[in-house]
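Next come two complexes built around chain A: one with chain B, the other with chain C.
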Partner chain A sequence: MPSYLVKRLGYHAVLLLAAVCLSYLLASLALDPRSYYEGRQPPLSPAAVDHHLTALGLDDHQPLRERFLHWADRALLHGDLGRTIDGTSVDAEFGRRIGVSLRLLLAGTVLGTVAGVLAGAWTAVRQYRFSDRAVTVISFALLSTPVFLLAILLKTGAIWFNQTTGTDLIQFTGEKSPGVDGGFWTVLGDRAVHLLLPTLSVALFALAGYSRYQRSSMLDVLGSDYLRTARAKGLGRRAVLLRHGLRTALIPMSTYFSYGFLALFTGATFTETIFGWHGMGEWFVNSIGKNDVNSVVAVNIFAAVTVLFSGFLADLLHAALDPRIRKTS
Partner chain B sequence: MSPLLDITSLDVDFGGEAAVRDVNLTLDRGEVLGLVGESGSGKSVTALSVLGLLPRNATARGSIRLDGTELLGAGERALTRIRGDRAAMVFQDPLSAFTPVHRIGDQIAEAVRAHRDIGREQARTRAVELLDLVGIPEPALRAKAFPHEFSGGMRQRAMIAMAMAGEPDLILADEPTTALDVTIQAQILDVLRTAQRETGAAVLLVSHDLGVIAGTADRVAVMRDGRIVEQGTAAEVFHRPREPYTRQLLAAVPRIDAPREPRPPTGGTVLKVRGLTRTFPVLKGTVVKRRTGTVYAVDGVDLDVRRGETLALVGESGSGKSTTLFELLELAAPEGGTVELFGQRLGSLTPAEAKALRRRVQIVFQDPMASLDPRMPVGDIIAEPLRTQGADRAAVARRVPELLTQVGLDPAHADRFPHQFSGGQRQRVGIARALSVAPELLVLDEPVSALDVSVQAGVLDLLRRLKEELGLAYLFVSHDLSVVRNIADRVSVVYLGRTVEAGPVDEVFARPRHPYTQALLSAVPLPDPERERERQRSRILLAGDPPSPTRRYDGCRFRTRCPLYVQLTVDEQKRCAHDVPGFEQDGAACHFPRARTVL
Partner chain C sequence: MTTATRPAPAAAPTGRSALVLRRFLRNGSALTGAVVLVLLFLLAFLGPYLTPWSYSHIDYGALRSAPGPDHWWGTNRIGQDVFAQTVRGLQKSLIIGLLVAVLATGLASLVGACAGYFGGWTDRLLMFCVDLLLVFPSFLVIAIVSPRLRSGGWFAFVALLTVFAWMITARVVRSMTLSLKEREFVRAARYMGVGPFRIIWRHVLPNVASFLVIDATIQVGGAVMSETALSYFGFGVQPPDVSLGTLIASGTGAAITYPWMFFFAAGLLVVFVLAVNLVGDGLRDALDPTAEGAAR
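For the complex of A and B:
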């Protein structure tokens, strides 16, 4: 088993490298940082524009190949992603924002996945009953609602809640209230209150998707011969459904986990913007607007790492869940 | 004394459609009741209703009492207490019947713990004992294996061990050997009888195979269209059947001890295969594939088919029968050995010659539904090979009705689709398609093994008639020796990719010389209770499973399971271990061939 995973890890590392290099090349081709400086008020002299571009390593008089090699040397060998178009350090910005995004994505994903798996399994067991139909309708409604609409609906709901209760219990702007200080618990409580809505919007999205997949995978298992065997042994309903049913029905889910994460990341771009979180998603949108090559590459690295890392986690999970692949690989 | 199991007036419907009607059965303690019938007659549904395991869309009425307790309509909780404890079940397909993610030993231990208040460790120990009891070698080690690491036979043994875990009074076995090869079937039936002896349980044995029932059941019930048509002791039902249906069923079963008509003389050789080999690489790796081993799928097959003759190619699953056929039909140079079709050696053909040869050799597949395009009317299906050979419209329009009549179908049905035909009729369509281009050699890959006996008899008759009328030659692949005896003139037995014995059917069946052929013939159950029980006493039971085809063997590859080997002297054994026994036409690939009567 370890050798199988080591191989997968190596495979992922190669993919990551390729993704990073390609995203640099693509960003350099598609974005035009010169236009950003030329549009500045008051106008900059052409010499000043060139000076800025050279400082960023984005001088378009140099051939792309050389810029790339230079960038690769700096970024890949020394871990320095350069400067943003406004002259601050990309690495520092990265460090500041990564925590914000992870906090937002992780809680939401974990919550949504667990709830989705349970909801899917439960509705499969209750196929065609009222509860199954209700969950089905709700998940399809959620799946067909664009993330930003969902976020706005949640926000509206929160405003209504705050107004009717006459409190400001649910906070939905930023990740903390300005000027809150006090003990550890006060700060933590404040952060949690801010996390509530964004987490919910990420979680609901995950829940809707996973509950569908889990339902169909569980339905397959429910009709299987081995579930009948488990019943014929005289096992109780719980043991049959959980130990034999859900346990086996989780296997195909591990594949969805890795790809689902990508969709969540895309969704998070909107979630961050709407709830005023200064995370990776917001950075991505802003830096494209500013033709900021180095920042765009940084966000792409983040996306690639999360996707590949969740892919690797999915492999781990798959190997842990399914003895058949452990032996043959 | 009241019977252990008492089923009265059982009716089962699936959404309003009757599956079982007015079934009455009783089973005494320690008794074995055989339930026979053709596919869809309601055998499984009857067995499943006893433990309340019917699918959700089924409704059952009537009464099923186990030792006086009413089971029909009992709550899930009450049934859970009985399942596995008072009554246990053995299912047909042993791969899908085990949960793939849990170890075999754990799944058996779970059954032990389901009704006994004992610790995890004790249950594991008991599971190992049970595996030992059903003849799994190294049970402590094998208990840790996952279901996919077991062979079919071993899984079925484990399934029986699991049924024994709760020391039930009743074992319901639904086609416990149907998915298995004959030699493995003989082992499993033996284990089932052991299990019955050990636990003193009564057994309801469901099977479509009259031979299996004859050798094991004390009493027999015959089902048809959801009803029991006849019930009695095994001797009564097999020797003095009252119902015409039972008589018909018994008459349709091909028997391995049936008398044979003398065979007409045959013509020149149409197919000659010598030392055919074919290997497949075992690949590993996700991105870069590496070859880590070799499967020796066909490793020395010899065949001779003459005009007007049926050669049966016999062997257990995985022995390389289908691979051999595919190699022949490729019409390309074989990987090893030589193939001559109608005197032309494969590998040296021009494209035009290959095309001409392709017409002269046609194939009929095992599964009639899977081999016919469901969206094509059968007329077009039959015409397809004709069109490929460039026949014009008029020729097609003339041939199709002719062919349908020839295989016993109504020419007016040419515009119907495959799903509108029964299994046997679909197989006739497959045969008509093969015959459309007037071939001289027909390759038949298990053509009747998916069919019920009565339907099977019809298709076999058709094949026999066509051979005579059209002067065809057949290469007939089968694992069923009774069918082979019924249809073939000559037989060739393969073991692990290699021909071990060949000869005229009369000769080989009466005086098999290779120990493997002897075991194979001896394993076939006879639909005759007395003779079958007598055979059981002298049955040659092969140990274990066929070894892996991924390695090469020094000497005789049958050595690990050969019953004769253990009786040989040390010097003789050395010879088996070092020299590969050669195979000559109509011989046996054994250093110490001894003809022995096993039928």
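For the complex of A and C:
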């Protein structure tokens, strides 16, 4: 088992390095920080623009190779991602926003995945009954709604609800109310209310996709001979379904988890932007508008690390569930 | 020639395509999806001829007017006809979705079959490319490149969406090719001296065709979802052109006060993707030889 995982980890590290370097090159080629300074009011002199660009390490008079080597030396060897286009430290901004994004991603992914797996397994056991059909219809409708639209619909629904009831029970802007002060529980409650809709949009999306896959992989397992054998030797229905059924049906799911995370990450980016959370996704969308190369690369690094880490977790899960992988390698 | 020597038509074995078609038509939800898709295509391509308004024309006499006999689906805040705009946006989204699905499935089958058939370093290199493209959510990369593509128009956007839509399909095609490669008919062709690309074209791809058909169908829905999301954030289709994504973006703020600016575009988007998913599911059942009642 260790050699298999070490091999995967090494491969992921190589991928990460290649992807981060490519993303710097891509961002430098595609974005034009000079236009951001030149478009400023009042206008800056060309010398001042050059001065700003040089300070950021983005001077386009310098060859790309030199800029890249300089950036790689600073960022990859010393962990300093440089400055944003407004002159603040990228590392500090990264530290401030990463918690916001991780909270949304973790809560949404874990909630959606667990609920999706349970819903899928449950509907497979109750195939063609009313509950199965109901969950199928709901998940098909959710699967056909892009996450950004789902988030907008939830937000619109919340506005409508607040207007008709004349309250502001459901909060949908930002991650906390400005000026909420008080005890620990007040702050926690305020945060939880703000977390509700964004988490729901990420979780519902995960739930819809995973429950379909889990249902079909569980159905494959339910018809198998070894389940009948397990029942025949006197094991209880619940134990058979959980230990022999669900566990085996989860093995193919580990692949879907690692691919599905890509879509979930994108979904979280949309959700943050729509609900006004100051997380990585919102930073990314704003940075593109400002042609801010260093910030864009920082968000890409965050994306690559979380995607590869979730892929590694999926490998771990695969190895833990499937004895064949542990034994053979 | 007598009638006795000629077998009666009823006794002839059913062809595969007839069988698949019959099984598809028996599936109620898939049939509904197909009918809805046809209707949406008719709406998208005939709709512009039904209304006197063009999608960019501004009617200063009717700002934010509700749906009525003059403007069937109302007008938006600057007086553009919502029906004309939605139909035009639907058309653009459909064309982009179809093109991306066809191109991405083609690319995926080529790369997957080559990786699986040749093996060795070709396989390793191609799969490394697949993994590399899967490290980033495609949204991030397309958004970064999008400012450069404004001049390239929407076809550059299609190319970009394609580049990030083929990887998972290629993986599946590769693993199917790996097992096909060991089958007798492929070996026979190889020992007869048929070239590798000819084998891939004549023997491997036809055998993964049903998977490719299903996948291309599902890809249409996925491509439309990516397109609308990118356009919503301003990274996709650029004004003055419209797509369902840009229409949703401009209607979002008015979703409660002037619902017609938002819900026609949003509703058509959901209905379209839903119909595509139903058809894809129906095709999967119809093409799967192990499905229940497969012989009928």
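We adopt the following convention: the second predicted complex is superposed on the first by the 321 of 329 C-alpha atoms of A that agree within 3 Å, B and C clash if a C-alpha of one lies under 4 Å from a C-alpha of the other, contacts with A are read in each partner's own complex, and residues count from 1 in each chain.
Going forward, contacts are C-beta pairs under 8 Å (C-beta built on N, C-alpha and C of every residue); 3 or more make two chains touch, one makes a residue touch a chain.
Because the structure is a prediction, the values reported are computed rather than measured.
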Overlaying the two complexes on chain A, which is it for chain B and chain C: clash or fit? fit
Have a look and say if chain B or chain C is in touch with more residues of chain A. C
Touch test for A:92: chain B only (first), chain C only (second), both, or neither? neither
In the overlaid three-chain picture, which partner chain does A:244 touch, first (chain B) or second (chain C), both, or neither? first
Of the partners chain B and chain C, which touch A:163 in the superposed model: first, second, both, neither? second
Minimal inter-chain CA distance - chain C and chain B, angstrom: 6
Across the two complexes, what residues of chain A are contacted by chain B and by chain C? 11
In the complex with chain A, residue positions of chain B that touch it: 51, 53, 76, 80-85, 88-89, 91, 93, 96-102, 110-111, 114-115, 146, 148-149, 159, 162, 165-166, 284-287
Report the residues of chain A in contact with chain C in the complex, numbered from low to high. 11, 15-16, 18-19, 22-23, 26-27, 29-32, 140-141, 143-149, 152-153, 156, 159-160, 163, 259, 262-263, 265-266, 269-270, 273, 284-285, 288, 291, 296, 299-300, 303-304, 307-308
Chain B contact footprint on chain A (complex, rising order): 7-8, 11, 224-237, 239, 243-244, 247-248, 251, 321-324, 327, 329
In the complex of these two chains, what residues of chain C are touching chain A? 128, 131-132, 134-141, 143-148, 168, 221, 225, 228-229, 232-233, 235, 248, 252, 255-256, 262, 266, 269-271, 273-274, 276-278
